[in-house]
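Let me give you the structure first, and then I'll get to my questions.
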């Protein structure tokens, strides 16, 4: 049997553990073909054979040894044709797609066309439905919390308000949990908008009381006042998006002007997704990989792996890509206890 | 309302997050009394009032600001009497016991005597039934995996077999997951004994192939041959326990003699339970603390908090202390894929 | 004897180790007065007594327990008068100023007015003349190198060019050493300007060869072409400074447009100066503090401490503030070996 | 020109940075031969060619890609003959020996026999004369300080006295600096013996005052009382060496018996020398490697590289192996300020 595996979308700590898990748990008569750069590699016929030696020790490396891209092969008839030709040419009996919404949608589409596929969900944002956690997420939260820990001392020494921006366009998980773990004094996430007035209210109270403040801000948060603003001269573009510098930068500027406090901002950006995965993410990736191979060997196609409590289970591919898992109000309310 | 809280048994990263979670989520009319050194402090009347300022920032500190001990107050009539007197004297309406088997058993016993109690499970070994994870466990696994990562380079440079010993007398969770996450080449845990012969078999294969090896060993693992040995001259005492140096030391010596390989051992010991908790453990501790306070406010006594998937739930105190949660065979089998 | 100590300028990991070193090595008959927020506190009369208990364990904390500010008390006659009044009122026999150029200049000025002062140099940028290293610098380099390590995997997985910006307006030390330690593929520092053309040359070569690239950029670096540009529409303001987003952002945009490569940028900013100092910086801070107290007890005023090899020596205050220590060409040439 | 390089003795973080530094700075017409497993590989003719690609990214890895051993090729006439034969057979024009006393002695011996050699000093213990620091040392101190940081919280929570053992048979550098950086409450090093009585005096004072204590102990420390003891029944062998468990274990047992305090011990062992080097050690290794190649190209043989302040200099090979650099009394006295 020949199995093609590929990684698509943004990179995520733990991808290599999945790859190693698949390769190491393959029986002797199963050949693993690593397709390079996601679906792009399947369209262009770029691949490498993967043996046990190729994956020795890779579970502790960030990124993906297969490379990644964001191409949707169903975007054009030409790519689709080439994709199908290459599946045939490479003699792939099964395809394991490791990726987020987009990658899994293509994996599901292939399944609906009769190909034998299995999916492994990947999102650093932890917003996949029907799975407790996705790998990479814990690493991002740990790196984020560690960075916020570091900002405390400088904020305190200078009596500053620091806005720190973390990943999360639609789902505020990383910001909420890193902020809560590291004792941020206010947490702003897309799910629960707030007016600038309210934010300033929090700031005034905290500054009077303690004299410094850390505000964790998801990149997708937008103050209520800006919801319908487009084309503001300095910060909002014609589509209503925050311009250059991001929301933390915007908030630091606006709040600084309106309160007179010494405000600063910093965006953690790519730091959160790079580097060595935590033990939890290595384990989750490893277990996902082994379970994906089990699904293949059992002939359980059109499904993806998922975490439920301590168990790795499998669910239909559609369940994972149906809706985004957002931060529920109850959890946000818990975080509010620690605001201020 | 006055609530007494205490921490008992071995210390564990995340205890301070629980304490902070309880104190910060207490309504204004609720007073929190921190009892020092576990049940001992309640017997001897040692305590401190806890306000928001006392718990500022403590969630990132290891250990417990309340101190701890291993005393069972029901061991003597005298202690029991003093305990009850002090509950009365301090005017405690509720007691929250944070601890392992022993602490929770006393908490349950008090509940059966009519006191209003709530429990928060704590065990670095992750062996509490009916909860997915306990706080401190992820920190231990992370520190353990990080240490094993470090040992790889020295084992490889010198062509050595290194036995590294991790906590776990009865349950092999820490050893299994730290070992699996860090790519140990063999994992020995109490649940799945192995003969020295079998171990040497693994070693010979790996050494011939790769020339170095890391073996993660739980402190409670014992080779099958030793199961009934007592009073061996050098290593086994009259009760059948491994003497000074621990199992890793014993194995390194025995295997070194029998194979001629350059063997070494190292015990990670207290490193695993000390220091700053990971973000996950801070969050779990925080959420446990908040939930414990909710149980108190709802009048839901005789119960303990627990983690199920992403949710913090509550279960009867007895459920948590009933049986130890051991590593299931299926998980051990998965780890075996990566042996060698 | 009463000694006033204060910390001025930007915060820096190791400041608290200096404070603890001074307090712990003070003989019993010497009283230490901690002046809050640098010279501002001496102007406004804000201070706290410092005993051994106040400094217990603070050497592992970032920032400064005394707070800091950037005020020059000789800027106005009024401040200067208040400063002198408060020195008298507090009965300060000696003042130890811990800080950078500005703080040490005031310390030297006070010495020239007849006050008994001692200086401790502080600059995260490592650009103080006549001392091998300043505390905080190693922590910044370590945090910076760790961040660049993390960026490698994401750059490689996506085939990107990432510009990462580190502190250093005039001196490129942090960028050079963090970049060299973490294997950056090009290092841009203020001391050695380069044209955009040259930079693109490096990028084209590396991208053709390896397909990804990390470029460490000091905040004070400016491509040669921009040296005399002012008032460019998008990026350069009327004073010739790079506008919003910094040099890394600018370079990513310009290079992306001109080469078509997928470029990204990230600024490490405040991360480098926050958080727990490395062992080296704790030691250096501790030894500086102890040595400063020795100078006081010996009556060696008007001097500052400095590191020479393994030794803590003392030099006249003027020597430390005379000229900035920049990266010598020989060291930059060594770094060039690893470009590409 | 063909240059043979080898690493000998115990492994040390930074060795790979040296190797990379040598290879990357070699001109095109210079061929680098990596000899495997130290002198053993030169005797047995084991080697690999080293190109730029072989050393890509290795500076962040612990250990040595060349492997190491402790063999002295001048021990037997046979080995010596083979060594010389292989130098000829491989056509080695120059040999760069990277290692400690033993390796450098052989390097010097070869020089005295007319071979062209250069040395790079390596000792994790920092006890090489005439160089400020050796690579690997800072990593060991950082890992050691981090471990001691972790032990504080568990010692405090349980009210314990913890003896933690660090490397250092003759020189106490690692123990002194890691202990001082991490706030150990007593530091025991070989250079400054102390009686058990004195140690207990320190313990009684600290325990009465603060209730917990961390004691950093070098493996080579021995209490004064034991200096002439041999063949003690439990702990001292016939040669006067501490038996199984090491000095920390011994002290914990003896002090526990004599004081009644709850004592514990832990040996950090191999953790200190494994894993990713700090930025400082990567830089030092890199600069040593580049400088060694410069010496070769200049024809400056029979010399070794060394660090003086910020500069990499070269000194005669004999200077480095002449005497061990021990902790001077002045530095130990400084540490004493922080005891208790």
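The letters A, B, C and D name the chains in turn, as written, and every chain counts its residues from 1.
One rule holds in what follows: contacts are C-beta pairs under 8 Å (C-beta built on N, C-alpha and C of every residue); 3 or more make two chains touch, one makes a residue touch a chain.
As the structure is a prediction and not an experimental result, all values here were calculated from the model.
Novice: Would you mind checking the shortest number of contact hops between chain A and chain D?
Specialist: Step count on the best path from chain A to chain D: 2.
Novice: So the centre of each chain is just the mean of its C-alpha atoms; given that, what is the distance between chain C and chain D in Å?
Specialist: Using C-alpha averages as centres, the distance is 31 Å.
Novice: Between chain B and chain C, what's the gap in Å when you average each chain's C-alpha atoms?
Specialist: Chain centres of chain B and chain C, defined by C-alpha means, are spaced 42 Å apart.
Novice: Any chance you could list the residues of chain C touching two or more other chains?
Specialist: 146, 149, 152
Novice: What are all the touching pairs of chains?
Specialist: Final set of chain pairs in contact is A-B, A-C, B-D, C-D.
Novice: In the complex formed with chain C, which residues of chain D make contact?
Specialist: 24-25, 57, 59-60, 132-133, 138, 141-142, 144-146, 149, 152, 177-178, 180-183, 278-280, 282-283, 286-287, 290, 308-310, 334, 337-338
Novice: Please give the residue numbers of chain B that touch chain D in the complex, ascending.
Specialist: Residues in contact with chain D: 7, 10-11, 13, 15, 37, 61-64, 67-69, 143, 146-147, 149-154, 156-159, 162, 244-245, 249, 264, 266-267, 269-271, 273-275.
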